[in-house]
Every structure is written in structure tokens, then in C-alpha cells.
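A, B, C and D are the chain letters, set down in written order, and residue numbers restart from 1 in every chain.
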């Protein structure tokens, strides 16, 4: 019946950047570049065809106190219904999904960008996100210690070893070699990782994703418009996002687990009318810290608890394995684009499902899953379930 | 832009900027104020919500009811730990920092703090105790606890 | 609320009470950036250094944008032509400031406002126009009396050797 | 956008909460959020367990001094293990949060949503106004050393020039709102003042004086919103969301006519269309236009089409917008009287309409019967217009 039952589809995508630095272009111009490509791929004119525009960014990343001001012009949203979600791009996709499901909006675009190369004091900006009373005053130096705490607790709980964490890095850095967006890919042997020094115990620099600049835009539409606009829409069967606890109360986090992934997955599967494992052909999941890939797979119920490292060892997650994970090379190869990181995973899934992934195209994929985290020190994650 | 981007470095301007004020002043909050007073006296307070104890006290319980302050005299257990060898710019630290999550035995949550524990003894589940700074150095902040060490 | 509730939650502090709180934390993490101006604004700044105001033209609607943009926000297409625009215009609005950025009193009040430049490509009385936000070297009394609004002005440049390729290369706009 | 003829479930507001608006609060931002949220839940007769989604609104992170402010507020906003999102359109956020909650519910994704808006401006030193330096374009505007009040003064000056309004005409709004706020328990700057007091207060940026401006404030506001079915179970007097509208103008505010708020007008037309309102000036019974500055209320009354362009200032003189007038505006006392914790102030306005439409506003209740109400907020560099239309 009508609009409420209508599915939501992705009808176009565009990206620009994925380089460690982009000094030749301002962030606004980068947004224009990615959105122009997205609208061109969806064959629409944003000034006439898009009903609402969503932009995802955070002030402290941008260096501007109300970065929302700069959202409308480059993405075609000036004097149109445009707003900012102070969150990951996948949260923006969730907003677009809901806007379309109300029946008031036919076509919605979502843009997110990150330009970490412009931030001179990144470590301090991260520190600025920690609880000012109980955590920030401590002399820990590197705020990414949060990931180390979770990694150690995860390994203890599941029996995963340091070698397994290194194997994730080896798989993803090598996968990236055939992905044009993977600036940090490299040919990597397990020995290289195991013989290098720890940065944050139990991880080396191979296992901690670096940063890159990018802007990514998606165009979403309801079923009627999606079918009109394109022959190969990618349906968003379900989307979920969840927060475990606030950054003002990270003490309430359950160490070594990521409940936010589990709750986001449950929400997404429920919207897709599924219960438990969604039986996907591949997944793009969180890997800004190597252990996170294994944890995310377990928490999203794609694999059984404490099984991920065993499957990894067997090669199940390789591109030619039983369940390819991060065929793009993930964040370890593409970098973290701040709030666009979730969209970088969605982009890969979209390209795979439409058969446009080029050199690293998987065969016969019809259903995929995207799971992304907002990063230290948050406990917020997003999950999207896609199909063609 | 689009088709007429420039690639001569001298044609491209990098403009420095900032987003700083002179300083931020963070008030401790309702329970935070009592927690701070406790630290100054060498005590660690927790919050009792129904039958569960949460440390540090955060004024409201996870279910939004208001908690009751209690003093913690339990022994502390290491929940997880990590060692920070490098800063975010990949420079090695002259002295690596050991960071841990420590919680009183009977509490649900605990503090994030620095540890002074030999690396070979470092293991989830070990028993720890807080080491306070001398009374005259205490200011009512989390740094009144110097670190946690083996008990 | 509201007829039922008269007391709302919240604990007020006076300034001295706040500073004497036990457990008060003072902190300022550094937040520094290097903004890439990009091709378009870089060239605009270079133009200012040379004593020129450069605009950029939209091939679709014909508007000339000052300050220039790489794209037309109304058509969402790339702009395609550099245009040197006249250095004259009229005051759209002007005010007298007695305070600094930090809200301290300043000794000598300054006049600031927006200038609608004499740039072609816009219809008469159109809501949008090409122009700049800057300091204006007029008598504050003219701002109060309203004489300044609509007044014809032109750019007053800083001496050439002091220009650095910044919006401050324009000292102010002064009456024609 | 199109009207949705298939929509079966309306969206309702069923509870509201507010903290006192203060210059400096002891509470941390997350505690402020908790206080408002708790009150909103209590007033709706719900507990946190009933809530399935949370929407947070807060303006610049540089006030509270917290990066990832939405994440920081999560536990105080009751978002533990729940879908939580933070929407952000500068000062327009306060009215935008319930708008976003609207599509959480109207889409069928959520049934009971907790709406939180919080702002703690006092942590930033030496003065919270300093933070506003960073809202300007870092290359073209910041080097001029602007203060936020500049841009308002410029808009006010243009409005005065175009519409023939004088400073003393505009000051009447400040007098009205500060007087209205005397009846508001959260009010920070309620007072009985005269036009002369406004004109004689410190001149900050001519034509803006100190009493033309709303104060620096700490505070939080919260709403509980639900689907129609849930609302019918909870209460006999739900307040319905009839329409939402939002618009972002271009960022180059100095390339635009400043006398009329086009950004708001577009948003208002969107909201009225959804609500089926054709003649807002006749159909709206009470309004909460956004009033961080006194002229801004007039500006917004015109943008909302409650008065013709350039005529609002004449109607103020006649008492048309008083609590016992033809079309009461800011019966709460608005930002000028109650205070302006940026995002929380906008949500406070929506809460006020909620109470007005339930006839629960006590001494603040407007004289005439009320059926339809509108609130708006403004944000960014004269860009964001957010409008919500409510009915009982």
C-alpha cells in the first residue's frame, strides 16, 4: 500500500579525494565535486529534483563553529530544505531513509566529507572529545588508548591472539592494492607486522588506520522514483544506529564488546523483517583498529561469538573466501575520512552490488552489509543492509 | 575548480586558522562536586542505583533515577589495560603510559586511570589499589589519584 | 508544567562561587587548522594583492559572483569565467561597532557594513547581488541619520607594499 | 516535496520539560539534559524504558567545550543502547529537533521519541561571544575581527531603513517579552522595563543596545513525542504536529537583501502547506517567533506571514501581539525574557506552545481560545529557517 510500504533505494553516488592530503582544493569545492558526480550518476538536477539535502559533519573537524553554514551551496541545497547531522554519514543515510518513508520526500541526497589534513592539532581535537572531568586531565597522551583497552578485553574474552589482529591488517592492506581509493594499501606479509613495534598495545601502526581527505555523496529515492531514475538501484533493506553510552560516561561501556553494533544490527534487521544473521554475500565493516573488524562481525551476528578469528585464520574472509570482508581494503587501506568514513564503506558496497567495483569486483553478490563506528571515544555505530 | 584546477603550488593559498578561546571552565556537576570533595580527603565515592554501584558517581543512574552516594572501600580489579607507546603523530613517547580500567570488586563500572604496574605482572583480573597524592597537592580532580598499583 | 510546577531544576552559581568550586577543571585543548583556500579563493586573494576585485561568472544564469565561487549555488554548475569587476558600489547596510570580537569596549568606534558592488548580471532590485562585507570609512553620524544607506562608495586600498593577499588589503570602502 | 495522502499516523507531543535558565549552572551539560528529560518523561507519565529513539539538538561545540557534543550528551539524554542522533542547524536547531523527531515517527521507524536540546554557554572564557568569531568564513570574513552582534545590527539597520521603523518602535518588543517573562519560572532576564531603559542601555553596535539582546544562558529543554496511537493511550490532550518546514539559505549573507527573511518565508510556506494552512495571518492563534534580538521577532513575524512585510512594527505599537492581543507572540517571554541557551531556547518555544495549546500555561495563558500555533527559529549566517505548526 502506497508510500509507507515503498522501499528506499540508492540511485547514484559520487566521490572525490581519498588522498592523504588535498591542498589544491577547499572543502567546499571538494563537496561540489563529489555531489556533481553523484547527481550526474543519478541523472538528476539537484535544483529541481532533490526534495531534501542532508549533510554530515562536526564543527571541530571543520574548524568552523557552525559548519552547517557551508553545507547548502556546494551540494545544491541553497534555499532548499537542507540540514546537518552532527554524526557519521551513515546516520545521514538513516535520516534520508526516514524522510523518504514519511512519504513527503521522493528524492533525498546525503553528503559527508572529512578533511583531516587541514587539522594541525588532531590529537588535541580528539582529546577535546573526552570527559573534561574524569578522563581528559590524565596524562595518557594519545586518546586512542580507548581502542587498546577494548582490544585487550576482546582478546581475553574470545581467545583471539595478536597474530589474528595482524592478519586483519595483512588481508586489508593487500586487498586495497586493487582499489583506486586505497591510498594506504601495500603488499604486506604477516612477519612485517609481527616484527614491528607496538603503537598502542596490542596494535602496531599497520593495524591503526591513518587519515585521508574525501567527500562522498549519495542520492536516495523512494521505489517509484528509483525505478524511474535507474535500472540498477541498490535497496536499503534496513538501517540501524545505536549509542551504547555517552562520552561523558565512558565508564559505563562494556569493555571488549560493542553493544552499539549489536543494537544497530538488530534495528536494521528488524526493518528488513529479518531475525538474526542476514546471510549476506559480503560485508564492509569497521576496521579502523584491526581487532574491530573481528568484533564488528561477531556483534552484527554475521559470525558466531568468538568464531571470527578462527574463520579469519581459515581464509573465510578473503576476497575469494566464504564471506569476503572488506574487499575494498577497509579503513586500513582507504584511511579514515572523519564523518565520511561510514559512507566510504557504503560506497564500496554500492559499487560492488551495481557491478562497478572494477578491479576488485566480487562475483555474484546480491546482498551486502555495512557496519561502521564513529571512532574513539564514542560508542555509536551504524549498520546498513543492502540488496539488489 | 572542476575543469580549471591549478597545480602550481604558488597559485594555492593555505590560510591558517584556529577555533580556540582563552580557556574553558568545566563545573564538576552535582555528584561530581561531592566526588571532588571526596578525592581531596583521599576517598573515592560511588553511586548506588537500586542494588548496583557505579563509579565514578554521575548524578543519575542509567535508568534515569537519581543515585545515592556511597564510599568505596573495596579492593580494585583490573578490567582491561593498554600501553601507549606513541602519540597520534606516531612519535615514540619517552616513557610509555600504561592506561587501565579499574573497578571496585563489587561495582558495575570503574575509573579509567594510569597504572604503575610492572609489565610482566600486567593482566586482566589483578588486584590493585589507588595511590593518592600528598594531601597538600590534592585539588579535587581525578589527578589527586597518582595512579593505581598492585595491592 | 506549567500551572502545576513553579520550581524548575537547576542550580545557579555566581561568578565567584563558580571559581571557588572544588573539582573545577580549566582546560583549553589546541584547535589549529590550515585551511586550503582552493583555486578560486586563492586567485581572488592574489587579485586583491594586485589591487583588483575578481568575480566569477555562471555560464547558466549569467550572475557574476563576488566573492568568487567555483560553482554557482543557484544552478549547481561550475562557473567558467574570471571577470574584473568595478571597485564602486553602494552601501546596503552599515552599523557602528563599539565592541571588539571579545566583547571588550573599543576606543574608537568603527563603521562596518555590506557593500553592493556595481556588478552586471543581476536584475534591478534583485534579492541577490554581488558584494562584500567590510569596514566603511564614513562618519558614524551618517549611519545614524540614514544618509549612509545607499551612499555611493569606492574601494580604498592599502599601500601596495603592505598588501599580503588578504581581505585586509582593502582598507575600507570610502565615499565616492 | 509532496503532501502524503497515505499517512495514517499523526505525530503528537505528549510531554515537555525545562530547566531553569541560568547565567552559570553547577550542572554539567549532561546533567542539564537529564533534568529536562526527566521532567518531560514525568509529565508524560512515561519512564526511560518506554522511549525507543532519541534526537538531540545543541549548537556549537565550542560553547560547552566538548567535541562530539551529541555523543557527550547521550547518557544524559537517555540514549543508552538506543538510536541517538544529533541534528544541527545553528541557532535554528531548537525548533528543528522536534521536526526531526517528526520524521522519526512519521516514517514508522520509531514510536516514542525523546527530544533533547541543551546548551551550556558559560564554560567559554573570556566571553561566550568570542566563540562566535569562528562562525565566520575563515578566509574572507574572520580577518576583519567580527563580533556576532555586527551581523544582527546590520540586519536591523537594513530593516529600519527599508521599513521606516525607529529604534524606539523596535524596543517595544523587548519591553513586551521581558514583561511576559515575569510569569515564567525559568526566566533569567524577566523585568518590567520601559522603552527608555532600552534606549539608554549600553550601545554595543549601533543600532543594537544591551537590552535589545537576549542574554548568555545555560539550560536545557526536552519534549516527548509519540505516534498517534501511543498518544491516544497516554493522554486526552495531545498536541499535534501539523506541519514542519526547514530551509538553508546560501552562506554568502552579504550577497543578499537583509530586510526580509526569505530563508524563513520558504520554510514557513513548506510547513503551512503540510498543515493545510492558506491564510496564516487569520488561522494562527498564537506564535512563538524567534527573538534573540528584538527586531528579529518583527522580522520573523513578517517571514511567517503573520503580518505584511514592514508592518509588524506598527502592529506592536497597537498591542496586537500582547498576551491579550489579536495574535499573541512570545507569550513565554521569548529569548529576550526567558533566556537564550541557543538550541534549548528554540525547544522552550515549542514547549510553550505545547502548554498554551493544552491550556496549561497558567498566568501566561493567552486570553483568546487557541487551536493552531506556530514557532520558528533562525540559525547560521542569516541562513537557517525552521518552522513547526502545532494544533490541539
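The rule is simple: a residue touches a chain if its C-beta (ideal position, glycine included) is under 8 Å from a C-beta of that chain, and two chains touch if they have at least 3 such contacts.
Just so you know, these numbers come straight off a predicted model, no measurement behind them.
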Count the touching C-beta pairs: is A-C or A-B ahead? A-B
Centroid-based (C-alpha) most distant chain relative to subunit C: B
Averaged-CA centre spacing for the pair subunit D and subunit B, given as whole angstrom: 36
Would you kindly tell me how far, in whole Å, the mean C-alpha position of subunit B lies from that of subunit A? 28
CA centroids of subunit A and subunit D: separation to the nearest Å works out as 33
Of all residues in subunit B, which are in touch with two or more distinct other chains? 1-2, 5-6, 12-15, 17-19, 21-30, 32-33, 58, 62, 141
Going by the contact rule already set, what residues in subunit A reach two or more other chains? 23-25, 29, 32, 36, 59-60, 63-65, 72-73, 78, 125-126, 128, 132-133, 137, 248-249, 252
Two or more other chains touching the same residue: where does that happen in subunit C? 11, 13, 18, 21, 23, 25, 27, 30-41, 45, 69-71, 73, 78
Residues of subunit A defined as touching subunit B within the complex: 23-25, 29, 32-33, 36, 59-60, 63-65, 122-123, 126, 132-135, 137-145, 147-153, 156, 197-202, 205, 248-252, 255-256
Under the definition above, what is the set of subunit A residues touching subunit D in their complex? 1-4, 51-53, 58-60, 63-66, 68-73, 77-87, 91, 94-95, 97-106, 125-126, 128-129, 131-133, 240-249, 252, 259-260, 263-264, 267, 271, 374, 377-380
Could you pull out which subunit D residues touch subunit C in their complex? 16-27, 32, 35-36, 38-39, 43, 65, 122, 126-127, 129-130, 133, 138-141, 143-147, 149-150, 153-158, 160-161, 185-186, 203-208, 219, 250, 252-258, 262, 351, 355, 360-364
For the complex, give me every residue of subunit C touching subunit B. 11, 13, 18-19, 21-28, 30-43, 45-46, 70-71, 78-79, 165
Under the stated contact criterion, what part of subunit D meets subunit A in this complex? 1-8, 28-30, 59-62, 65-77, 79-90, 96, 100, 102-104, 106-109, 131-135, 138, 245-252, 262-263, 266-267, 270, 274, 379-381, 383-384
